[in-house]
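Below are two complexes that have chain A in common, paired first with chain B and then with chain C.
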Partner chain A sequence: MGQEGKYAYAVTRIRVLETRLLDRGKIDRMLDARDAASALRVLSETEYAEVMGELAEGERYEEILGAELKRVYQVVGSFSPDPDLIDLLRSRYDFQNIKVLLKAGHLGIDRDDLLVALGSIPPDRLKEMAAGDFVDLPPAYRQIVAEAQEEFKSTGDPQLIDLVIDRGMYDYLYTNARVDFLRGYFLRLIDLTNIKTAMRLKRSRAGVIRWAFLPHGSVDPRLLLEAVREPWDAFGPKFAATDYAAVVEEGLRQLEAKGTLTDYECLVDEYLLAYLRQAKYVAFGPEPILAYLLAKELEGRLVRLIMVGKINNLPKETIKERLCDVYA
Partner chain B sequence: MEIKASPNRMQLLMLKRRLTMARRGHKLLKDKRDELMRRFMELIDRNRELRDEVFAQLNQVYQGFLVARGVMSPQMLEEAIMFPKERLALSAREENIMSVRVPRFEWQKEGEVGDIYPYGYAHTSAELDRAIEALSEVLPKMIELAALEKSAELMAEEIEKTRRRVNALEHVLIPRLEETIKFITMKLDETERATLTRLMKIKDMLQARGV
Partner chain C sequence: MGLGLVLGLLGAGLAVFLAGTGSAIGVGLTGQAASGAVSEDPDMFAKSLILQIIPGTQGIYGFLIGFLTIQRLGFLGGGLASISVETGLSLLMACLPVGIVGLTSAIAQGKVTATGISLVAKRPEELAKAMIFAVMVEFYAILAFLVSFLMLQGVTI
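Moving on, here comes the complex of A and B:
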C-alpha cells in the first residue's frame, strides 16, 4: 500500500463518522427543547447515546461531553495511520493539565478534579511527574514548564504560568504539525487569537503584556502592539490587508454595538470551520481525520452552550446568537 | 396593680424619688430611640442604594460568567481562575454609633502586578475578562454592604431593646409608681383625718367631763 492506500481505510471510516456529527436539524431541535432534560433527550438519539447510558440528567452534560470526546479520540486513534498527529492534538490537553498541576503545586492544594483524561499522558502519570518536579516529562514539554516556573518564581505572577505555557504550547503545536493542513489551522488560530488578545488588552486598558501574544503568527507582532496602543479607529484598518479583514471588521462592529467580543469569538469559530471544511475534498490524507476531531470538539462546545443556556433558562435567541455554524 | 409598700412617709418620699428618676430615664431613652431611628433610617437608605448598585453589578458579573461557562469547559474555566493574582487583606474593627458597636471593615489589596486577570489569553473567553473586571469593581462595595447590613441589624436590635424599655417605663413602671404614690398619699391623708377626728372627739369628751 502506498501513501494513498494508507489513508483509504481511515478516510472512509471518517466519512461515516462525519455523517453522525450533529447537523443543523438536531441543533435546532435541542434549541427548541422545553428544558435541559428534553434537550438531552434529543442528544440521546445521536451517537452520544453510546456514552450517555445512565447519565441522562440535565446537569450531567459535562460528563457526557467529556466521555464522548474521550470515546471519539479512542475510536479515531484505533484506525488512524498517524498516531503522532492525534497525539499532537491530545498534547493540548497535556498542557492544560500541566497548568492545573503547576498552579495547584504553588498553591499547595489538590485540584485533581480539574485534570482531563484526554491528553497523551494519562493524568495519573502526569501527577507522578509533577511530584518529581517534572523531570520525567518529554524534553519538549520540560523546557516549557521550566520556563514557566522560572517566570513565576521571579515575579510571583500566576498569569505568567498560563501565558508562558500557552506560548510554549503553540510553539510546540506549530513546529510539530508536519501536515500543512494542520499547520495552516494552527496558524489561523494563532493569528485570530492574537488579534482577539489585542482587543482584550485594549478593552481592559491593562497595557501590553510581554508574553500575551502567541508566536509563529503571520500577523506582525509590531502591528498587534500598535493596534493596542493606537485608538480604536485605527484598529480595523491595521488588519485590512490580512486574510482576517472581514472577521475583524465585523467583530469590531459588534463590539461597538453590544460591547462584547462574543460575536468575534463566534466569527473566529466560523472562519476556522470554513477552513476545516476544505478537508471534505481530500480523499486520501490525514486532513479529514484532523478536521473531524476538531469539528467534534467544536460540536461539544455547541452542545455545552445549549445546555448551559437551557439550564439557566436563557431565551432561545440569546443562545442562538452565540451558536456557530455546524461542520456537517 | 401597685407596688407593695407600707404606707408611710418614708416610702412616699422614696417612691417620689423613683418616679422622678423614671420620668427622666423615660425621656432620655425616648430621645435615644428617636435618634437611633433617625440614624437607622439614614443607614437603611444608604443600604438600599448600595444594595441596588451591587445587585446590578453582580448581575453583570454572572452574565459574563454564564457566557464564559457556555464557551469554556469547566476544567478550563476553573484552571483560569484557580490562582488569583491579588489578595485582599481584610481587617475588622468596631465603631460606636449611639453606644451600638457596629463593624467597620478595612481592606487592602496585596500582590498587585500588572492587570487583574490571573489567566492567559489563548484559551479563555473574552467574556471572562468582563466578569472578572466587574467582580473586582464590585468587591469593595460588597464589603461595605456587609458592614452596613450588619450595622443595620445591630441598630435594629438596639432600637427594639430601647423601645421595649421606653414602653416598660411609660406603660408599666411610671403608672405603677404614680398609683402607689396616690395610694400612700390617700392612706396618709386618711390616717391624718382619723387622728384629727380622734383628737377632736377626745377634746369633746374632756370638755364634757368638765376638766
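Moving on, here comes the complex of A and C:
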C-alpha cells in the first residue's frame, strides 16, 4: 500500500489540473490575436482567469505570470506528499533572488522589481538577510553565497556572482533531488546548459574560465573544453555519442543560419518536455507532480514569448518560430 | 461443539475476513484517488463512484461464501450440525479460494480503478474503458468464488 496510498490522491488531482494546462489550440489562438490585449483575453478564458482580475492590460503579463505560478505552487504545495521536493524546486527562485540582491548590493542600486515571490524564503525576509550580509541564510545556501562574495571581492567582476551561484545551485539541486526522475531532469538540464555555454564561449572567443561549466554533468568537461578549442566543424561530432546529438546538431544548424542561440534554447525545452512526458505513465509516484510544476513553468515561458511578440507587433510567424511544444 | 465445527467456522471467518480486507483496501485507495479528482472537479463524483464500487465485489463474494458455510453448519436455526474433523477441514478448504484470491485481486483491482479515475479525469468519455480494465481483474475473483461455491456444495454434511 505504501507508494499507492501516499500518491493516489495527489496524482489524480494533478491529472485534473493537467487538463487545464494551455493546449495547442489556446496557444494558436493567442498567436492569432490582433494585439496584446486580445491575446490576454484568450488567456482570461483559461485557469489564468483566477489571478488576472485587475491585471487585464497587455503590459502587465509579467505580473500575471508571476501570480499564476505562485498560485500553482501554493495549490500543489498544499497537497503534495513530498514538500521537500517542492521546496527544492522553489529554491531555484531563492538563488535567483540572491543573485539579484548580491549584484544590486555591490552596485549600490535598488532592483527589488526583479525579485520573485516564488522561493521558499519570501523576498522581504531575504532582503533583511541581505542587509545582514546573509548570515541568517540556511547553511547550504550560506556556503554558496560566501563563495560568490569571496570570488567577487578578489576579482571585482559581478559576472562571477552569477557563475558561482549557478554552479552552487545546480550542485545543491542535483545532490538534493532524491527522486531519480528529478535528478535525471537536472542532469539533462546541466548537460544541455554546459553545451550551450560551450557554444557561447566558442562564439564569443572569450577565454574559458574555470567556473564556466556546471558540475555533475554526464558530458565530460574535457570534451566540452575540446569542443570550445577546436573548429566549429568538430563541435557537433563531439557530442554524437551522447543523448543530445540531435539537439546539438539542429541547434548548430540554426546558430549558423540565424546567429542566435534562441533556437537551441527552444530545442532544449522540447527535449526536456519529452523527458517530463514520461511522468504521464507513472500512476503512483512524485513524478507527475514534479512534471506538472515544471510544465507549468515552461507554459509561462511560452506565454511570455507570445506577449513580448504581440507587444512589439511582431508577425505571427516570427513568434511561432520561437515557440516550443506544450506538455498537455 | 466439536473440532469439525470450529474448523468450519474458521473457514467462514477467513472467507469474510480476507476478501473483506482486500475490498476495504481497494475501495479505500480508489476513494483517495476519487477525492483528488473531485476536489478539483466536482462533476467527477458520479464517475468516480462507479469505479470505486468495483473493488468492493470481492468482499461480497467472501461474505456470500461465509454466509453459506455458516448456514450449512446450522448456525442459522435448525440446530448445530454434528460434523467430523475431515468435514470441517473440507469446509475450511472450500473457503480459502475466495478468501485468498479475494484479498489479492481486490488490492490489485483497487490500483486499477484508482488509476482509472486518473484516466477519466483526463478523458471523461472513456469511463467504459477504465471499467473494462478493472473487470479484467474481476474475472479471477469470480473464478475463485465459483470454485469455493462448488467445493462448498460438494461437501456433504
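Basically, the second predicted complex is superposed on the first by the 327 of 328 C-alpha atoms of A that agree within 3 Å, B and C clash if a C-alpha of one lies under 4 Å from a C-alpha of the other, contacts with A are read in each partner's own complex, and residues count from 1 in each chain.
Basically, a residue touches a chain if its C-beta (ideal position, glycine included) is under 8 Å from a C-beta of that chain, and two chains touch if they have at least 3 such contacts.
Computed from a prediction, not measured in an experiment: that's the story for all the values here.
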Touching partner for A:Ala245 - first (chain B), second (chain C), both, neither: neither
Partner chain in contact with A:Leu273 - chain B first, chain C second, else both or neither: neither
Touching partner for A:Val16 - first (chain B), second (chain C), both, neither: second
Residues of chain A touched, compared between chain B and chain C (which is higher): B
First (chain B), second (chain C), both or neither touched by A:Met199: first
Partner chain in contact with A:Ile165 - chain B first, chain C second, else both or neither: first
Partner chain(s) touched by A:Lys99 [first = chain B, second = chain C, both, neither]: first
Which superposed partner A:Leu223 touches (first chain B, second chain C, both, neither): neither
Common interface residues of chain A - those touching chain B in one complex and chain C in the other: none
Residue numbers on chain C that touch chain A, as the complex places them: 25, 29-30, 32-37, 39-41, 44, 107, 110-111, 114-115, 117-118, 121-122
Residues of chain B defined as touching chain A within the complex: 66-67, 69-71, 73-76, 78-80, 82-85, 111, 113-123, 125-127, 129-130, 133
Chain A - residues contacting chain B, complex: 62, 65, 96, 99-100, 103-104, 106-107, 111, 114-116, 155-159, 161-163, 165-166, 169-170, 193, 196-197, 199-201, 203-204, 206-207, 209, 212, 214, 260-262, 264-265, 301, 304-305, 308-309, 312, 314, 322
Interface residues, chain A side, partner chain C - complex: 1, 4-5, 8-19, 79, 283-284
